[in-house]
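Once you scroll down, you'll see the structures, which are given as structure tokens.
Each of the next two complexes has chain A plus one more chain, namely chain B in the first and chain C in the second.
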Partner chain A sequence: MSTIATTPASATPGAASGSSDGRRPTARSRERFNWPATLVLLVCSLAVLVPLLVTINMSLKSDAQAVEGEAFALPAPLTFQAFVDAWQLTNFPRALAVSGFVTLLAVAGEIVISSLAAYAIVRNWDRRLFRWSFFYLLAAMFIPFPVVALPQVQLTGIIHLDTPLGVAILHIVFALAFNTMLFTAFLRAIPISLEESMRVDGATTWQVYWRLIFPLLGPMAATVGIFAFLGSWNDFMMPSLIISDPTLQTLPVLQNMFQTQFNNSYNIAFASYLMAMAPAIIVYLLAQRWVISGLTQGAVK
Partner chain B sequence: MSPSSPPRSPLSRRGLLAAGGLLAAAGLAGCGGNGGSGGSSGSVIFYQSKREAIQYFDDLLGTFRKEHQDISVVHDIATNLSASFVRKNPPDIACQNYNLEMARFMERGALSDLADMPEAVLIRDDVQELVNWYPGYEGRTSVIPFSVAGAAVIYNRRIFEEQHLEIPTTWDEFTEVCEKLQKADITPIYGTFGDPWTVSQGLFDYTIGGMMDVRGFFQRVNELGEDVGPDSDTSFQKDMLKPIERMLVLKKYHQDDAASRFYGDGNTAMGNGEAAMLLQGPWALAEIEKAGSTEDLSCFPLPVTDDPADLKIRVNIDLSLWIPEGADRKDEARELLSFLMTPEVMDPYNKALLAMGTTKDAPPAKDPRIAPMQKYYDDAAFYQGASQFIPTTIPFTNYLQSILFGADPKTILAKVDNDFASLAYRS
Partner chain C sequence: MSTTTSTVADPSTGSADTTRKRGARRDSRSRSTRRVDPVYYLFLFPALAIFTLAITLPAVLGFAYSFTNSIGFGDWEFIGLRNYVAMFRDQGIVSAYLFTLGFALVTVVVVNVLAFILALGLTSRIRLQAALRTVFVLPMVISGIIIAFVFKFLFSTTLPSIGSALGIESLSSSILADESLAWIAIVVVTAWSTIPSTMLIYIAGLVTIPDEVYEAASIDGAGPAKRLWNITLPLVSGFIVINTILGFKNYLNAYDIVVGLTDGGPGTATRTVAMSIFKGFTGGDYGYQMANAFVFFLISIVIAVIQLSITRGKASFGA
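Our next item is the complex of A and B:
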């Protein structure tokens, strides 16, 4: 959405300078009205806007109207009752707090622990132990959670990690392989001489990592953070299996109750989804700049 | 996201450190909470996740808490049951739909014996017997039926009266009714084949249940196990072919766009009086009511044979109560069970959610929309839906859908036999 909004603005100065010298009218007009591209982007934006519109539209309907299932009919008695119901049914504040706790821990943990692992591996690449531990970590990428779900459920139960904390830890561990790979690739590009100059000044390994490497890893940390946020905020399967205390369940799992075959409560479901989406949208708005730069970071590597 | 702005690193790093510290503290607090979640397991966990009834049971628990101030109850709507059994901390008591998946817990002896509870005696024998359609465990009474949902053909009384139609009691009468409706330009049956489960729980279950002995059939095929096939005495391809052919006869009485219509469309159409009949259970009636329909609806069992004595309704255990063997607080759970089994709790529930009582002295259903089923229910003229006994590993509802869309039933049923046999071989 933001790309579409900014394109015309950034195109205007170029077009203005083009018109002042008046030499390349074709190039100018192409730059100014790239109709095919604009149309394609407009159509693509519908893929996001239409479902969003339906969601908002549905969430403002009354029970009686929602049952009809007419996605585009405007809410006739406009009501916020669905939001109230969703709030109460999911015990929204508590669920939000639990989801937030898991997500924060997962994001922070994934960034810090994976970057530490990557730093250790890259700087000790000549030692067999570190090299093989890297391959060992990479091998973990072949094991998705569903495959080991059953033993995980038992294990977490035995060591009393069948809580949101346990879910956050599992998120960190399961993402360790991929994140470490991203960080190692990025770290190799950082010249060793930077580090050496710091060592000459008497910095310890920890200081080098914390004051030099970690800040330099920023763009990649943003990428990892975004994946970690989306992964843990939207996750359904892991919390539903791992968390045993029903009062400490995350939002997506609680929202599952809106999806039953016998009962259509689209209005309540969509109201609840909107409320759950809000934090993701807010995070995106705040971190937009880093999201875009982070994505390209990932692309070049 | 603070680490991603390298130029101002000292500041953001401090921020990150602070955040990290906070998180660590929160994590520790979480641990503390975990230790104290002895506090949460100090209360009885009551699992109940039937969406329509969540609010209802919430209110009930409020009443229970007032009466039993010493017991605290947590209403669990989200725990994954299988995972909780694996973890050996299942809910203390559950009030849940009973089906093949749930029956696995019973079969493996994970549910405690409730035979010694005074409430177990209150249940009608033929209703308690419904539980035993699934394999039990050492003669235990693992499950107490709380309410039963009866399902039959939902029909529009106004349309039937306007067209001077009688309730059909034989197959020929039924097809005649459909013909007459079609002549009068009224959709006889509203089909929602887009949702395969509506086919299996409606059309399929009604025709199978109306024609054959569902329980006997599944007992035989389960005994045969991997020997089920074209040459066995009992098989899907042999026994179900005739009912399925009748089911296909009914296909032409559905509206033209049935293939692309879904569950919700059917309810809307019935609510607006656009079709005369709908093959759905009482859950659909609740949805139609929610839309504020004024149509006069009622129901009758689908006749599939030429003998009116064969008329039966489809039932399933809408909600059943059970207490796991591994429950931490069995005594309190039993107290809650006794509370739920009082007529003051059961009767209003059945009335509100259009279900049928399970106890010997439960009052008959009075709501005109489901009252006609009471007679059959009292005479035990009922069957449980055949679709509920086919393991979900077999994509049966999809097979069924493809039969409706034109696949050869013989081939598909042979495939079901094959799937069933290989599943039995594996287990």
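Our next item is the complex of A and C:
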């Protein structure tokens, strides 16, 4: 468990503080645990767990039992029929493909486009064009989506990007400022001498980037990638406004159908919610360390 | 610690300062006359191109439309500042601004207090630390709209039945249907979903404080409350700043959770600015809502500037 706390320090050469290691010296770990705090936190964790357990509980009920809307009554009979129904109603395979397409494109695009731009900016900081480009990109942090949403909807409609592709591009653009900032901060910590020795051996700029810089960016790219994944997978606002063809909607937007058409089929609705959240929860449990260290890096930069 | 705090306080100008120094150093080495490898322009181009096409162009276009009576398509006329004047007399828009600002303010306070307490708990010497951390971060990875739908069920079905079973009058009907209470549900769900990220930033701050500082304070006779107030809080003030700024920016754009819970209702009691802007298409008042969007943009900027200027003093106090 101490690894979680120390990953931020070890993951980046730039943000190395090392002091987090001193928090739990091995000699002291045999000391008494704080039992009251543990107990209070366990009780508080119910606030997180109960809504999720209710979701699972409801999803396992039969149609007849679900209509009663009893959150805490256990399923009797226990059935997985709701998952089958939800799978068909939302056309889950297609929705999963659309959401997966948008998310993959956003993750790849955010990592590649921001890191390329950051590399060009850091290595040419003495040039006005690159310096100004950095501040130009940074300005996006102060433009919230609602401000430019209507013209974007209009423009994407005109150029036929009112599709999942258009949403992926917008996800990349709105994350551009923050990602470029993270990458530039990280790149400044990489000594230029590493690069110069490669250039002496005749490597081109592209080769330096691809063989040296990009691998070094690994930890930061993992961070950017995970947040790109979460942001893109869970977004409702942009796809609901941009994608005009309802058969090409993403998973979160499709859940809306249980508010309008099937609003008493709690079992099917909750089964569908679970299927929509599952990929993000699985990725989180597998990549927990990077999620947690990533956020803390973002804060320190 | 002092460098961390100042960078945290002001990410944009912080990095700008350091980079400017670096730039100056490069200049003094007279490297600015060197030839720039043309490949670098190619590296920079995709970012600049999509940014210009997807943000700058729509922003300029939208700003221009705010002076017209466009309905989103077809003919339009230039009508000067009439949209802006009408906006301030529009009860619906004024109340959307008041609701959004009030909601953002309350939520920032609630989220930061709870997240800080949780961070303190999770960094203390507790059992099951890893498992508890996993659980408390979980809401961060769940889509806001979906969690709003789950809570909508809990608020409109489960809570009333618990309320009437316990004989509590005020809980026996859905608080989502109550004009004066619906906002509480929105704050609760927004807090549920955004406490994890805020809490992680506080945890990052708390683990940078060395144990020796607390030990020294204990030897000098400082109790837990005094240690919290005089050591912990000043040392994490930079993290309080970043959380407040990020949180406020986030809550001003509230949309997903509100749509999922109340859809702006009952009536228009919980309509946010983002929701009123998006009505520009369905409501046929595109030009008018673009004026709204531009005013919203200005207000966001003013709030960010105010926060930065207040907190710059705070951060140096922390360091």
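In the analysis below, the second predicted complex is superposed on the first by the 235 of 301 C-alpha atoms of A that agree within 3 Å, B and C clash if a C-alpha of one lies under 4 Å from a C-alpha of the other, contacts with A are read in each partner's own complex, and residues count from 1 in each chain.
Heads up, the rule we're going with is that contacts are C-beta pairs under 8 Å (C-beta built on N, C-alpha and C of every residue); 3 or more make two chains touch, one makes a residue touch a chain.
Just so it is clear, the model here is predicted, and its values are computed rather than measured.
K.L.:
So, A:207: does it touch chain B (first), chain C (second), both, or neither?
P.N.:
Touch status of A:207: no partner.
K.L.:
Once the shared chain is lined up, is A:89 touching chain B (first), chain C (second), both, or neither of them?
P.N.:
In the superposition, A:89 contacts chain B only.
K.L.:
Identify the partner contact of A:265: answer first if only chain B is touched, second if only chain C is, both if each is, neither if none is.
P.N.:
first
K.L.:
For A:165, is the partner it touches chain B (first), chain C (second), both, or none of the two (neither)?
P.N.:
first
K.L.:
Based on the superposed arrangement, let me know which partner A:63 touches: chain B (first), chain C (second), both, or neither?
P.N.:
After superposing on A, A:63 lies in contact with chain B but is clear of chain C.
K.L.:
After lining up the shared chain so the two structures overlap, which partner does A:197 touch, if you call chain B first and chain C second: first, second, both or neither?
P.N.:
After superposing on A, A:197 lies clear of both chain B and chain C.
K.L.:
State whether chain B or chain C is in contact with more residues of chain A in the superposed arrangement.
P.N.:
Counted on chain A, the partner with more touching residues turns out to be C.
K.L.:
Is A:219 in contact with chain B, with chain C, with both, or with neither (first, second, both, neither)?
P.N.:
first
K.L.:
Which partner does A:246 contact after superposing on A: first (chain B), second (chain C), both, neither?
P.N.:
first
K.L.:
Check whether A:105 is in contact with chain B, with chain C, with both or with neither, and answer first, second, both or neither.
P.N.:
first
K.L.:
Taking the two structures together, which residues of chain A meet both chain B and chain C?
P.N.:
Looking at chain A, the two contact sets intersect at 69, 150, 153-154, 241, 253, 256, 258.
K.L.:
Provide the residue numbers of chain A that touch chain B in the complex, in ascending order.
P.N.:
Per the touch definition, chain A meets chain B at residues 63-64, 67-69, 89, 101, 104-105, 108, 111-112, 150, 153-154, 156-157, 160-165, 168, 210-211, 214-219, 221-222, 225, 240-249, 253-254, 256-258, 260-265, 286-287, 290, 293-294.
K.L.:
Give the list of chain C residues in touch with chain A in this complex.
P.N.:
4, 7-8, 11-12, 15-16, 18-19, 22-23, 26-27, 31-32, 36-37, 39-41, 43-44, 46-48, 50-51, 54-55, 57-59, 61-62, 65, 72, 118, 121-130, 132-147, 149-151, 153-154, 157-158, 161, 192, 197, 200-201, 203-205, 207-208, 210-212, 239, 242, 249, 252-253, 255-256, 259-260, 273-274, 277-278, 280-281, 286, 289-290, 293-294, 296-297, 300-301, 304
K.L.:
Show me the residue ranges of chain A that touch chain C in the complex, using the header's touch definition.
P.N.:
These residues of chain A touch chain C: 1, 4-5, 8, 17, 19-20, 22-23, 25, 28, 31-35, 37-38, 40-42, 44-45, 47-49, 51-52, 54-55, 58, 69-72, 113-114, 116-117, 119-121, 123-127, 130-131, 133-138, 140-155, 169-170, 172-174, 176, 180-181, 184-185, 188, 204-206, 209, 230, 233-237, 241, 252-253, 255-256, 258-259, 266, 269-270, 273, 276-277, 280-281, 283-285, 288, 291-292, 295-296, 299-301.
K.L.:
Write out the stretch or stretches of chain B touching chain A in their complex.
P.N.:
Residues 1, 3-6, 9, 13, 16, 19-20, 23, 26-27, 30-31, 33-34, 37, 40-41, 45, 47, 49, 51-52, 54-55, 74-80, 83-84, 86-89, 195, 197, 262-265, 267-268, 281, 283-284, 286-287, 290-292.
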